[in-house]
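The chains carry the letters A, B, C and D, assigned in the order they are written, with residues numbered from 1 in each.
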Amino acid sequence: MIDKFVATPAAALADVPDGATILLGGFGTAGLPEELTDALIARGAKGLTIVNNNAGNGEGGLAALIAAKCVKKIICSFPRQADSWHFDKAYRSGELELELVPQGTLAERIRAAGAGIGAFYTPTAFGTKLAEGKETRRIGDRDYVLEFPIHADYALIKAERGDRWGNLTYRMTARNFGPIMAMAARCTIAQVNETVELGQIDPEAVVTPGIFVKRVVKVSRAARKAA
Amino acid sequence: MIDKFVATPAAALADVPDGATILLGGFGTAGLPEELTDALIARGAKGLTIVNNNAGNGEGGLAALIAAKCVKKIICSFPRQADSWHFDKAYRSGELELELVPQGTLAERIRAAGAGIGAFYTPTAFGTKLAEGKETRRIGDRDYVLEFPIHADYALIKAERGDRWGNLTYRMTARNFGPIMAMAARCTIAQVNETVELGQIDPEAVVTPGIFVKRVVKVSRAARKAA
Amino acid sequence: MKKMDRNQMAARVARDIPEGAYVNLGIGLPTLVANHIPAGREVILHSENGVLGIGPRPAKGAEDYDLINAGKEPVTLLAGGAFFHHADSFGMIRGRHLDFCVLGAFQVSVSGDIANWHTGAPDAIPAVGGAMDLAVGAKKVLVMMEHLTKEGTSKIVERCSYPLTGAACVNRIYTDLAVIDVRADGLHVIDMAEGLEFDELQKLTGVPLHYRETAKA
Amino acid sequence: MKKMDRNQMAARVARDIPEGAYVNLGIGLPTLVANHIPAGREVILHSENGVLGIGPRPAKGAEDYDLINAGKEPVTLLAGGAFFHHADSFGMIRGRHLDFCVLGAFQVSVSGDIANWHTGAPDAIPAVGGAMDLAVGAKKVLVMMEHLTKEGTSKIVERCSYPLTGAACVNRIYTDLAVIDVRADGLHVIDMAEGLEFDELQKLTGVPLHYRETAKA
């Protein structure tokens, strides 16, 4: 019997090595898999490359991962925020490398990795600093920049509901990068608020089919509130 | 008040001109918008370029459109079928041009048009006749073929449920090309089995958000069965 | 002369957005536009973090931080709204499905270049978010900004001195002094703050403006 | 020597597909594999027209032509199945998420090239469907075909004479005579039909085969 359920975040992340590239879900705190991130810190893997829309907020989640000096490089679209002090400090000290990518290009590069696309031309950022040194091409009456996929070893995402085949649904705008990150990693680990029996997710409403998911860990909302 | 409902297939198609490029939903008969196709024949537009996975089955739908000599060119992945006689005849007589595209490349070219991607590299068809004359590129340890988007004037698709903002859900494998075709045309027209009030489609389960849809025509299953 | 305040500017932008439009409102000043869409006019708001059909702010205490806009503020969803993932959301933007986006800016040039993501200061931490996608993707790019910097120089310039967000993409500029169209033949004043004379506006603005009394909207 | 019949071939393929595998079965002969997955072994079947979790054929009279496989035959959906659109479906294929695909073929070459979409005849109407995507996309490409043409010549060849579907992509060939691995150093016989001797198999096959008794699976 296929059973992708794993008992704890720690067990789900037990094989993450130093130097791994990790897609980390979330837009700010919405969809950020906080318990998986905590387990990643506890695991102690170093030299990680983290792909996320942001670069950490406040003291928890990605910010804590940066503060724990686990991260070598961040690929993101919007690092600078009022509460991104851990990133700001590590970046300014030169210990953290930043690759800044326009948000839509970030999403499309992740999706391209998942969908087996070798590279694509996007109009975004043409003529700007963020396209400097990149190949460009005029197609029809528009100019485009060539962009390459972002493949990853792991994706850590947060979903709402999961079954033992790994089918997932999400909750409102916490969906954000989850479905495309799930496609783009060799090993996708989802924390879910609720586990359900096979068939309890409407097959018309599955957002991430289980083929993209290796491990599912239940971290109920109640448990998180209590913590 | 936004109201994308249109009373009849004929009214929905009243502005389709000769020479239009039309994305036609469906995989075989599943998801083929039969009543919209009939209305297109009745409209009498000629010189059409039709994009569909197939090239018509039996006497109805796309086959009838070909038999009515409305089609100049077909872009598809799988024209040859046991019951594709109208296509076979028109193709063999030379009156119908065929652009044969691998199914995944067809889907991705349509999606690229909808998503504003200028071109993309796919590994599919590398080293085959269908890549002859196309640009190729080695990326990492794989070879890729450069493919361009398929933009269209109209998309005619079949969905299950629609609301006045144009939000759509589909029914099982009748979904197939509908959601990506809806993105790739200047004017997307959906026939639906059922119209519902705003809010009756779960926002988590909307498959095609209304932004991609211009017109929605109800053609109930009962009416179709009676016809 | 009376400069428009932020709400007057937002109301002026809202006036130009017709029923049925799909609109992305940038972080900050543009967000205010939502409050000024006339009651009964259906305009569908998009946020790049994966939502269409944003409604009013939730009541105090009813915030749910799984339902936020691109500025990470809690919002609500209207009946008819939909959620989708980031690649689909930016497919909408880049694929030219949005009728309008409204962006803040540091500078806009006479040719419609916009700079709004980076001051270029050497120690600044850059952050671009979805601005570059919106700049190239929306059918109409509207900019909302103060006319003058704090130092009193024009933010409408011959060439942007800050790093660009997008080139030749702005269609219309809304400032606290005027509404200005960016056209192939230059900048055209469409509307001015109450009591402001064209000569004065021209004097305050760094670049030549066109103005025809009859063009006033 | 007793050639394997179609069901024996399908059962032999099914034997090699482990629990938890995601598998796409091509039109025709490969479709039979589904009937031979041992009861209790969970294998998840994909069809390129947008479905994962295909179950057995529906009972007569219960067919629903909105629920079909790539061969346009009515199917059923297992609990845990999911529907998705064509771009997502081929993203799964091209993005190397499928563990196996099983394809029919006209010819397979010693280097793993496969030809299965076009005889090359000048008046033939070509049709490719999803075969080229599956050939480059699945982690393991399994081919199921008769060993010999109707004329008695080998379908395993030095170089395909028919137009290619994919180059150097086949991992294993299942025929009515043998199971053969395609490796960097050539073709390795893994299994043979009951009573068939290697010398005879080699004589019937157009290209050199490797065989070690201990390699028999």
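As a working rule, contacts are C-beta pairs under 8 Å (C-beta built on N, C-alpha and C of every residue); 3 or more make two chains touch, one makes a residue touch a chain.
Treat the numbers as computed from the prediction; the structure is a model and nothing was measured.
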More contacts between chains, B-C or A-C: A-C
Rounded Å distance, subunit A centre to subunit C centre (Cα mean): 29
Mean-CA-position distance for subunit D and subunit A (Å): 35
Inter-chain centre distance, subunit A versus subunit B - centres from mean C-alpha coordinates, in Å: 33
Set of subunit A residues in contact with two or more other chains: 108, 111, 115-117, 122-123, 170-172, 203-204, 207
Interface hub residues of subunit C, defined as touching at least two other chains: 77, 83-84, 87, 90, 93-94, 137
Contact pairs between chains, per stated definition: A-B, A-C, A-D, B-C, B-D
Contacting residues of subunit B [partner subunit A, same complex]: 108, 112, 115-123, 137, 139-140, 142, 144, 148, 169-172, 202-205, 207
In the complex, subunit A residues that touch subunit D: 1-2, 111, 113-117, 163-165, 167, 183, 197-199, 201, 203-204, 206, 209-212
Subunit A to subunit C touching residues, read off their complex: 27-31, 53, 77-81, 84, 87-88, 91-92, 100-108, 110-111, 122-130, 170-180, 207
Touching residues (chain side subunit C, partner subunit B) in the complex: 19-20, 22, 42, 44, 46, 52-53, 77-84, 87, 90-98, 137
Parts of subunit D lying in touch with subunit B, wherever the complex brings them together: 47-51, 64-68, 72, 77, 83-87, 89-90, 93-94, 118, 123-133, 136-137, 163-167
